[in-house]
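The following pair of complexes shares a single chain, chain A, combined with chain B in the former and chain C in the latter.
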Partner chain A sequence: MGTAFCIAALLTLLGGVGSMCFRNLVHCAFALAVSFVGLAACYLLLGAEFVGFAQVLVYVGAVAILIVIAMLLTRNIESKHEPLVAGGWVMGVCVAVLASGSLILCVVNSSVVQGPVSARPTMSTRALGEQLMGDYVMALEGIGLLLTASLIGAVVIALREKEER
Partner chain B sequence: MTTGLDQIFVALKHWVVSLCPTGWQSIVSMVISAGAILGVFASLFGLTTLLERKGLGRIQNRPGPNRVGPFGLLQPLADGLKMLTKEDIVPRSADQLIHFLAPVTMVVPVVLAYAVLPLGRNMEAVDFDAGLLFFFAAGAATEMAVFMAGWSSRNKYALLGAMRAIAQMVSYEVPMILSSITVVMFVGSMSLVQIVESQSGYHWGWLARWHAFTPWGFAGLVLFVVSATAEANRSPFDIPEGESEIIAGHLIEYSGFKYALFFLGEYLGLFSLSALGITLFLGGWHAPVVWLEWVPSYAWFFGKLLGFIAFFIWVRGTLPRLRTDQLMNFAWKFMLPLVLINLGTAALWWYTGSWVFMGAAVWRWLICAAMVVVPYAVLGRVMFERRHLGPRTYRYAS
Partner chain C sequence: MSPLAQCLSFSCLLFGVGLAGALTRRNAILVLVGIELMLNAANLNFIAFWRFGPHPEQLTGILFAIFSIGIAAAETAVGLALIITIYRHRGSTNLDDLTSLKG
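For the complex of A and B:
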């Protein structure tokens, strides 16, 4: 468990660092995909089979491909002369420290961490599906609506460009 | 005797594992399963290259390879040696690391996907609760591999070919996943082992209870096979390669064994998709009729798989290829509506299972069959009539 977690965590972190540090944008996208896979491995180690597989299917199979294709549609993806660290990095670091700090504080102070360590719940995929379609159906539908709205928005933006030509 | 022959490989594995010290048993068991999958399917790949060349040759009225060994049986070996000894050329401006990693990324996830497929009774490497999702998740990584190959070659044909291939794979993944969801809905489990078990038993005491023998199952099987053909880049959907347009597509800058690895990945993907189709709709390792049950389960599975391979070779030898726009129209305007309607059909079939009145089974069959056939006929007719036939105009070449 320890070694496996170390490998998965290292993969996630190195992927994340790589996606920020490579000069070539496509390399960044590949590093991001590696980080997604590492995260999926973490989920699997936690016993969340469904979430882990869905992570690979959705993020590596769809989101990473989407990012890569969007990248190829933009110009100047391989500019080697721009500085690696953008101008407003001080503000960036401040925001990052604030955001991650508040998140860490929340997690550490939450009742889940402070309470007694409960046994790892065994969640079958079937039970997960029943929960999603029963108790959390409104949240699921809401997210679906949000995605549909953004999809329609994307189509509308694309359409307007065509009319101008 | 029958069960002995049926379980011979399982028993063999247990015997080998029991010889090992206790601490090593789980690892040895895993290694044996992985080694068996790799060995069997890699040799099936070799055999298929020969069968495909032979079959295509017969369709074109010529004998096919018949010089190397008896009936040309050693041809795959000769091909492999040729591929191994070929010079491995990497373009100078290529992205060396990613160019090297792409073939590996192509093959590894495809091999991983075999882990959840039940190849016979008690013959699966792992039984995940979300096995079907694992299969598709593993398959999703091949798109990344195609992009890596196309982009890292630093060749515009390779990049365009990769874009084409990705567009095709993404489009056909949707009908493929949706058509397999019907089975998940009906069985109530994503474990492939349980899906196979749900197809045990016999109608009227002799005909197997395969999902393909129901209206939604039959439609699902057809839709699944069509999208699997496209997903595996097989003819008539093999447009990522095109000699007159983009040459070899994303494979253009690959030579020697890396090229062979891409080929291996493509064929293994085809086998795994066929195996999934068999598992979902054609009863997995179950016999089709009750009096053929004495044949070992793995023989049934591989028999069906070889049948699928023969079908794909036959299709490749007879059907002309599609154009990219036709392919996309077919996926989004024809396959997707049919697949969505088929989901409804499966749901109706599930709820009408409890009908009890005179001729309930017949009505159930008729309604569900109409739900499959009518949209197919209407959509097909509409799309056929909207087709613009006439002299082709070449916008950029006239």
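For the complex of A and C:
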């Protein structure tokens, strides 16, 4: 694993920690965008160019902006006096550390990860498109349906209800 | 450590960061952000197993990651709509205030 991957991974982790730790919500959203960019760089370095660009397009372009807009709509910049975290946060952090640590232990001791490393695969976007339009066309249609349903659902849920009299 | 183990350890760390945030922050939007981080960690696993697996010429891992990104986008849209509705009803997105289902 090269230096570039380590830098991208560090950027992603720092962005993730920042997005969970900052007090100002807008700073959290920007740290999240940094984290997504770092992850897209990881994808590019692993040879998955299409997924890397899709990550930038969907996550940095849409999800991060959506989160910023939701933060602006709900308009609660947390005040300086309120505690940042919920009660019992020590337990939450302990659970996360335990889960992450046990997963890493399993990964390091597993025999699956010891296999020989194959050469960097060449992934052409053309082959990807042919797969999407061939073997995976039903899944593609399904996800189109899902996105339409979630679009309508989001609009209906967020629609301002009429005042009840 | 082999490259695959490094990738998987990195994604475990990212998952841990997201889990810690989702479990501890009081703001509903930041809980959703934590869930996004966990989903991204899972996506990284798909790509890592595709890249370092025995058959990288098959594009299954890539396609799974693409579908996963699409589903995560749908989930974010609906989740944020729910949070906006909760804010409209309760005037707050603080999870500690939303205790009306508490027995």
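The rule is simple: the second predicted complex is superposed on the first by the 128 of 165 C-alpha atoms of A that agree within 3 Å, B and C clash if a C-alpha of one lies under 4 Å from a C-alpha of the other, contacts with A are read in each partner's own complex, and residues count from 1 in each chain.
Note that a residue touches a chain if its C-beta (ideal position, glycine included) is under 8 Å from a C-beta of that chain, and two chains touch if they have at least 3 such contacts.
Predicted model, so just to flag it, every value in this text is computed and none were measured.
Q: With both structures fitted on chain A, tell me whether chain B or chain C touches more of chain A's residues.
A: C
Q: Looking at the overlay, does A:Arg126 come into contact with chain B only (first), chain C only (second), both, or neither?
A: The answer is first: A:Arg126 touches chain B but not chain C.
Q: Of the partners chain B and chain C, which touch A:Ser111 in the superposed model: first, second, both, neither?
A: neither
Q: For A:Ala62, select first, second, both or neither according to whether it touches chain B, chain C, the two together, or no partner.
A: In the superposition, A:Ala62 touches chain B and chain C alike.
Q: Output check: A:Phe50 vs chain B and chain C. Expected answer is one of first, second, both, neither. What do you get?
A: Both chain B and chain C are touched by A:Phe50.
Q: Tell me which partner A:Thr3 touches in the superposition: chain B (first), chain C (second), both or neither.
A: Touch partners of A:Thr3: none, neither chain B nor chain C.
Q: Applying the touch criterion given at the start, work out whether A:Ala70 contacts chain B, chain C, both or neither, answering first, second, both or neither.
A: In the superposed model, A:Ala70 contacts chain C only, not chain B.
Q: Contact-wise, after the overlay, does A:Leu103 reach chain B, chain C, both or neither (first, second, both, neither)?
A: After superposition on chain A, A:Leu103 lies in contact with chain C alone.
Q: List the residues of chain A that touch chain B in one complex and chain C in the other.
A: Of chain A, residues 50, 54, 62 contact chain B in one complex and chain C in the other.
Q: How about chain A: which of its residues touch chain C in the complex?
A: Going through chain A, the ones touching chain C are 1, 5, 9, 12-13, 16-17, 19-20, 25, 28-29, 32, 35-36, 39, 42-43, 46-48, 50-51, 54-55, 58-59, 62-63, 66-67, 70-71, 73-74, 76, 78, 82-87, 89, 91-93, 95-97, 99-101, 103-104, 107-108, 110, 112-115, 117-118, 120-121, 123, 127-128, 131-132, 136, 139, 143, 146-147, 149-151, 153-155, 157-158, 160.
Q: For chain B, which residues are in contact with chain A within the complex?
A: Touch list, chain B to chain A: 98, 128-130, 133-134, 136-141, 143-144, 147-148, 151, 159, 163, 166, 170, 173, 188-190.
Q: Would you mind writing out the residues of chain C in touch with chain A in their complex?
A: Chain C reaches chain A through residues 1-10, 12-21, 23-27, 29-30, 32-34, 36-37, 40, 43-44, 47-48, 50-54, 56-57, 59, 62-63, 65-67, 69-78, 80-85, 87-88, 92-96.
Q: Contact residues on chain A for chain B in the complex?
A: On the chain A side, the touching residues are 26-27, 30, 33, 49-50, 53-54, 56-57, 60-62, 64-65, 68-69, 72, 124-126.
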